[in-house]
Amino acid sequence: MSKSAASKLAEHVRRATGVDVAECYQCGKCTAGCPMARWMDVVPSQIMRLVQIGDDEAAARLLSSAAIWVCAGCLTCTQRCPKKLDPAAVIDALRELSYQQGKVPASQRKVLAFHKAFLKVVEKAGRMSEIPLTALYKMTSGDLVSDVTLAPRMLVRGKLPLVPKVVRNRRQMKRIFAACRKGDRL
Amino acid sequence: MARIGVFICHCGENIARTVDCAAVAAAAAKMPGVVHSADYKYMCSDPGQQMIRQAIAEKKLTGAVVGACSPRMHEPTFRRAAAEAGLNPYLLEMANLREHCSWVHEDRAAATAKAIDLVRVMVEKVKRNRSLYPIRVPIEPTALVVGGGIAGIQAALDIAGGGKKVILVERGPSIGGHMARLSETFPTLDCSQCILTPRMVEAASHPNITLMTYSEVEAVEGFVGNFQVTIRRKAKYVDWSKCTGCGDCWAKCPARKIPSEFDARLGARTAIYRPFPQAVPNKPVIDREHCIMLTKGKCGACAKACQRGAVNFKDQDELVKVKVGAVVLATGFDLWDHSAYGEYGAGKFADVIDGFQFERLASASGPTGGEIRRPSDGQVPRTVVFIQCCGSRDEKVGKAYCSKICCMYTAKHGMLYKHKVHDGRAIVFYMDIRAAGKGYEEFIRRAVEADGVEYVRGRVSRIYRRTDGKLIVRGADTLAGRAVTVEADMVVLADAVVPRSGGEKLAQLFGVGYDTDGFYSEAHPKLRPVETAAAGVFLAGACQSPKDIPDSVAQASAAAAKVLGLFARPELEREPVVARVNENTCVHCRACIQACPYGAVEDHEIRDRKGHLVRTVARVNEGLCQGCGTCVAICRSGCIDLEGFTDEQVFSEIATLE
Amino acid sequence: MSTSEAIRADAARLLAEGRAKLVIGYRARGPHRAPAFVSDPAGVDVLIYDNLCKQNLAVYLRKPEVRSRGPVAVVAPPAVMRSLVVLAAESQLTEATVLAVGPDAYHGVLDLAGAAALLKEKYADLAPSPELLEALAKLDAMSPQERARFWTDQFAKCTRCYACRAACPLCYCARCIVEKNVPQWISTAAAQHGNFAWQIIRAFHQAGRCTLCGACEAACPQGIPLMLLNLALSEEVAKQFGEKPGYDPAAKPVIGSWKPDDDQGFVR
Amino acid sequence: MAQTETKTAEAAAAFQPRIVAFVCNWCTYAGADLAGTSRLRYPPNVRIIKLPCTGRIDPLFILKAFEGGADAVLVSGCHPGDCHYTSGNYHARRRWALFRRLLDLTGIDERRLFFSWVSAAEGQKFADLVADITEKVRAAGPLEPANPARRRL
Amino acid sequence: MTPLGYYPGCSDHGSGRELGMSVHALARLAGVELKEIEDWNCCGATAAHNLSHDLAVALPYRVLALAEAQGLAEILTPCAACFSRLKGTVVRLARSADLAARMRQVTGLEYRGPLRIINVVEFVNRLLAGGLKDKLAAPLAGLKVATYYGCLLSRGENIIEGDDAENPASMTPAVKAAGAQVVPWNFATECCGGGFSMSFTDAVVDLSEQILADARAAGADCIVTGCPMCHSNLDMRQLTINSRGRGPYDVPVLYLTELVGLAAGLGPKELGLDCHFVDAMRLLSRAEPRPA
């Protein structure tokens, strides 16, 4: 059933996730349980509210928010939502939209860099390996100094395999990544 | 020969705009059996009704069809007019030319053709109508009130005050209900017991009221005006005719650690007990599940202590049959069990309590003598968190509804706490404040402004108990847009109001409907809020929906007024739309008996003059039959018919449409 | 001992001991089988049982002239026992004595409860013949117009002799609906619409009751495939409501009871 | 070819189906009233026969309607759980579930026999329902005189 | 016995290697054959989930399609993160034929499904029920364990069948079988910060510290988990936490498989016990052979 009152953003979210944000009555339980809320510029219940509003201002605020990248995807909000909604999925949808539209805020450069580095490694090798991932991440994020002391200790414990494992059928990986690519973005 | 009159209403322009009323009247005039046909601007007006009356008298009509609005609108009006002119009202039928025709169609020709069809159908039907007469049933002018809380007490007192007899049945050992357990009441903060106990005593001593405590309804037969109700008087093991209520027995009872229901498990009681000192009747019963004598066969300390020899371990349940004409259900509510909330500790934290427990802590007659001390260690909590909507408005636990009373009692709790612990913090987590009662909003503001109760708008996601005993409450402040963590010493959950356990079974006994939450259904949400679908059964209090004391009392008085209204006449008139069995052709396959939603079809034995059984057939009890016609359609040999909607009538209606 | 011999022995004993005043069974009439009514122990020799015995003898148990004879015993294959169980569920009889036969064995003399128990234990899954199932499937595969044409042709044969009704033990109404004339729902003329209404209502009045004994179709002199209608409804009753009539003497009528979760996919 | 198609379409448009509706007094009749008070529009092809409850509706009614020329029959009452008589509609539901199988088997298929729940509050649903089934029956065409249910003189 | 499909996940050879080692050790002991999916690829983890919903399904889809083609019906996925991706994909594909069709197109591979994906807790419980319980010869008597489920074994589709999302207990039987006891604590399902270890270390440090603090307050000798991400946050990041002047904490963090392996008397090297950042070898002394 179409609900004419829903905003375009809300409609996008509904199609992507099945969540009808109109059902949210703003109790705040998602915010209350969110382990990452204190690092969020827009807390989960506000995210739901802004999707309900869904006008340009709300969309701009949401898609360039740090919060959607700060979400750890722990699903505590979804687990406890008294309306059986799925705020985590809503945030997933917003995050993808934010990335597609190039609205990721500068503050989240590191998070984005990590995700992109991760996928780059997987695209090339089919599997993630710690050394290429860390190298690529550090290069693209500029975060060069952190954790330098950890690497040797990981090495000692056999947790930094020097020879990365790779998928044999690399053509298949290439095909999958190509098919999932939207524009120049994954 | 049928002499039918047809009256076509224009309803101003409402019908006439799309339907050619004169053409309809002209067409009707040619229908077989029609001897009079007219159209008029407003048939329901006085002159319009006069036209009908006049035609009935002058043309000696044997039936009339009014083509006008929906019969749901004016059928009573026109039938009354027919009766005034000496025509049996059930010989008048209406054709719905407005709601079902002129208002929904645009094409004048098609609408007029349809209007003629609709009139023709009704003309053919009315030719086969029979004069019907209201069914009269004598009324037993005694009422049964089920539930001895404030609603039941009020209903009983009002009915008794109206001069009619009342039987007041209560499941527990005392009347008083939840109200007896409350400390103070909002919005006036007057002492609950102080205003209630005089009412309890009055109910017990009223000459028109028979009190049956420790009793439950077991079975119900009959129908409005004539219910036969079987009541189980549970064994009390104490002969109350001998008992003086002196208390020697419970003083000697060795089973002393039974959690007190009255004190919401915060206090203890004995196995022979009265639930609270002001109980009415003020006499004890023995709880057979916990009595050492009754479970293990030895003890008898109470019997030895009783100087009047009132203790009787051989007492048995007793079934009592009473005849009543009306019933008021006032079975009240319970609090939802929050142990289903794993995120709030699944009921395992002693200091996470419910509203009743807080009432008992705050009550001067409670286990702490009115001091707020937390259950785990008896310490005075310095920070108390109150959480509203616990279970209510939570579809995850299947409760979409608002429990209505929690906003107010939580404010009261916050206030009472602040009055008793001046330097303590009372923090209320709420979603919305619903304070739409007289003096209610002012009360909430008083809690915030005068007493310093802190209100935080947001739900709580989780409560856990740190090793130091602090309860960590993780909530949200949605107005500030942030998560909030409170280190609390005690948490009070405003658990959802749910119907009393066993309520569904009771509803089924009386044929009363209930919603998915188990609350009893009223006959109409707006216009018949105290009646039920079962004639003669009325509702009072929280069994219908969450209610506070003023609402419960108001509804109880309304139910009493309904009962007194019913009892004001010696007999009852019912619509004669009932089923009848042709006993000559009935073969007693019993399909109708099994299908009837009201148990109105019964086995009937036909005997010869000497009393020998000839055969058994089905027979409809007119008092019980509501006229749905389910039995009629189920009868394979067509032995049952429904007055007003007979096979012949329906057959001719269908045939007319060819 | 063959089944027929066993039946004769039991019948003779029942009559001799007075436990039955009348034994209803089957006898041979040329290549056909006809009902036999035996009231003398000496007359049991006519009784036989074989797979040609198709008539549902339960039909006689409600006839006053039979009942007035005193206790009756009846030779009952599973379909007959099921009919008796339905009759009991519909308060048409309280007791029965049966000489229970199965396609594979003779089970001796049983009362109603014994017959019900035997049915549940041994004959819980009586499958209709493959030919019948196939015929129904074929019919279902047709277009609505083709089905209408099929039945137009079939019902056109009906002469309204009511042999189908007479053969059915469950057609026990004192006055059949077709004989109700105020109003006359079903035309009694042997014409298209009356025949249709009669056949449809006859089948529908068996819904949830019919035990698929086949007596109606066997009795039809015109060879109208009535079992197609009966089977379609039986399958529907089993599928939709999980009911199989004729096993529980205390069963509630399928039409006349309900469950809140009965399928309503077809309701808009 | 194109010409015949146009002709058929014209014939279909000209065909005014006759639909008989058996409805209960408390829900669907009231729902139809609401459609009226809300001034909704629907085609004038349905003739309503009011009964107290769907429980009263005997399959004989439906046969009689088809026999006399109805192209389709609608049966409608209260939603499950809402029956004014608590369970008449549950009884009816079982009856229909079986009866429709029988009619389908004999050539009156689901394009001609409709069942619905319409509450007193569902004026819109009633109007939509009538519009929809009128279209469906129009598309299906008249129930042929050769149909075994029809009276043939 | 038919072999159990095995999806190691990328951390198997690196940061989470002791999980894989202990899983294999237990399987060997129980006589269960693990058959690694040939040429498996990364499940996409949080990165794909965050940047491309299609990719987040397509990567696991390839794994499922390979497994099916290799004749496997059940796949053990010891890493809770991979488990979540694989099981989520199975569920979504079963729910939407559209999605399945699109994935067929994207990958060019055929998956009919549904395959059954089992996680490490289900795996251990199954082994125990299948007779491993009787082989636990060296019970860890008196060892107090905080069972840590985190997000990926307690919520959404990942919840272990029959378990309670708020108060999970599916690891309890295994801990008890190992002779140890489960301490009641508050943080069994709280988030550790998950995949933010590198990119948002501050959050991981804060969240993980709370978990460690509560486990310690509850008197736990160690934390047991089933997720390599949680493990690395709680174990490896314990050093970071301590280096930031908090704590100091010294709480060994074990995989459930390691704990059960210890109780079975398996060697520390076989279980990967020597790969931990916080010394776990000391727990060895708790495993005492049952007197004969």
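Order of writing sets the chain letters: A, B, C, D and E. Residues in each chain are counted from 1.
FYI, a contact is a pair of C-beta atoms (placed from the backbone, for glycine too) under 8 Å apart; a residue touches a chain by one contact, two chains touch by 3 or more.
Predicted model only: the values in this text are computed from it and were never measured.
Q: Quick one: which chains contact chain C and chain E both?
A: For chain C paired with chain E, the chains in contact with each are B, in label order.
Q: Count of steps on the shortest touching-chain route from chain B to chain D?
A: Contact-graph shortest path, chain B to chain D, evaluates to 1.
Q: Show which chains lie in contact with chain A and also with chain C.
A: B
Q: Using mean Cα positions, find the chain sitting nearest the overall protein centre.
A: B
Q: When I count C-beta pairs in contact, which pair ends up with more: A-B or A-E?
A: If we tally the C-beta pairs in contact for A-B and A-E, the bigger total goes to A-E.
Q: Taking each chain's centre as the mean of its CA atoms, which one is farthest from the centre of chain C?
A: A
Q: Calculate how many whole Å lie between the centre of chain B and the centre of chain E, each centre taken as the average of the chain's C-alpha atoms.
A: 54
Q: Taking the mean of the CA coordinates per chain, how far is chain C from chain D in Å?
A: Here the centre of chain D sits 34 Å away from the centre of chain C.
Q: Could you grab the centroid distance between chain D and chain E? Build each centroid from C-alpha atoms only and quote it in angstrom.
A: The answer is 59 Å.
Q: What's the distance between the Cα centroids of chain B and chain C, rounded to whole Å?
A: Distance between chain centres: 48 Å.
Q: Tell me, which residues of chain A touch at least two other chains?
A: Each of 76 in chain A touches at least two other chains.
Q: By residue number and range, which residues of chain C touch two or more other chains?
A: 177, 185, 255-257
Q: Which positions in chain D touch two or more other chains at once?
A: 64, 87, 91, 95
Q: If you go through all the chains, which pairs of them touch?
A: Chain-chain contacts present: A-B, A-E, B-C, B-D, B-E, C-D.
Q: Name, in rising order, each residue of chain D that touches chain C in their complex.
A: Chain D reaches chain C through residues 59-60, 63-64, 67, 80-81, 87, 90-91, 93-111, 114-117, 129, 144, 146-152.
Q: Residue numbers of chain B touching chain A in their complex, please.
A: Within the complex, chain B contacts chain A at residues 343, 389, 393-397, 431, 457-462, 474-478, 481-484.
Q: For the complex, which residues does chain C have touching chain D?
A: Residues 139-140, 144-152, 155, 177, 185-187, 191-193, 195-197, 200-201, 203-204, 207-208, 228-229, 232-233, 236-237, 240-241, 254-260, 262-264, 266-268.
Q: Okay, in this complex, where on chain B does chain E touch?
A: Per the stated touch rule, the residues are 341-343, 346, 464-467, 472.
Q: Can you list the residues on chain E that touch chain A in the complex?
A: Touching chain A: residues 10-11, 13-15, 17, 39-42, 44-55, 58-59, 62, 105-109, 151, 155-156, 165, 189-191, 193-196, 198-201, 203, 207, 236, 239-240, 274-277 of chain E.
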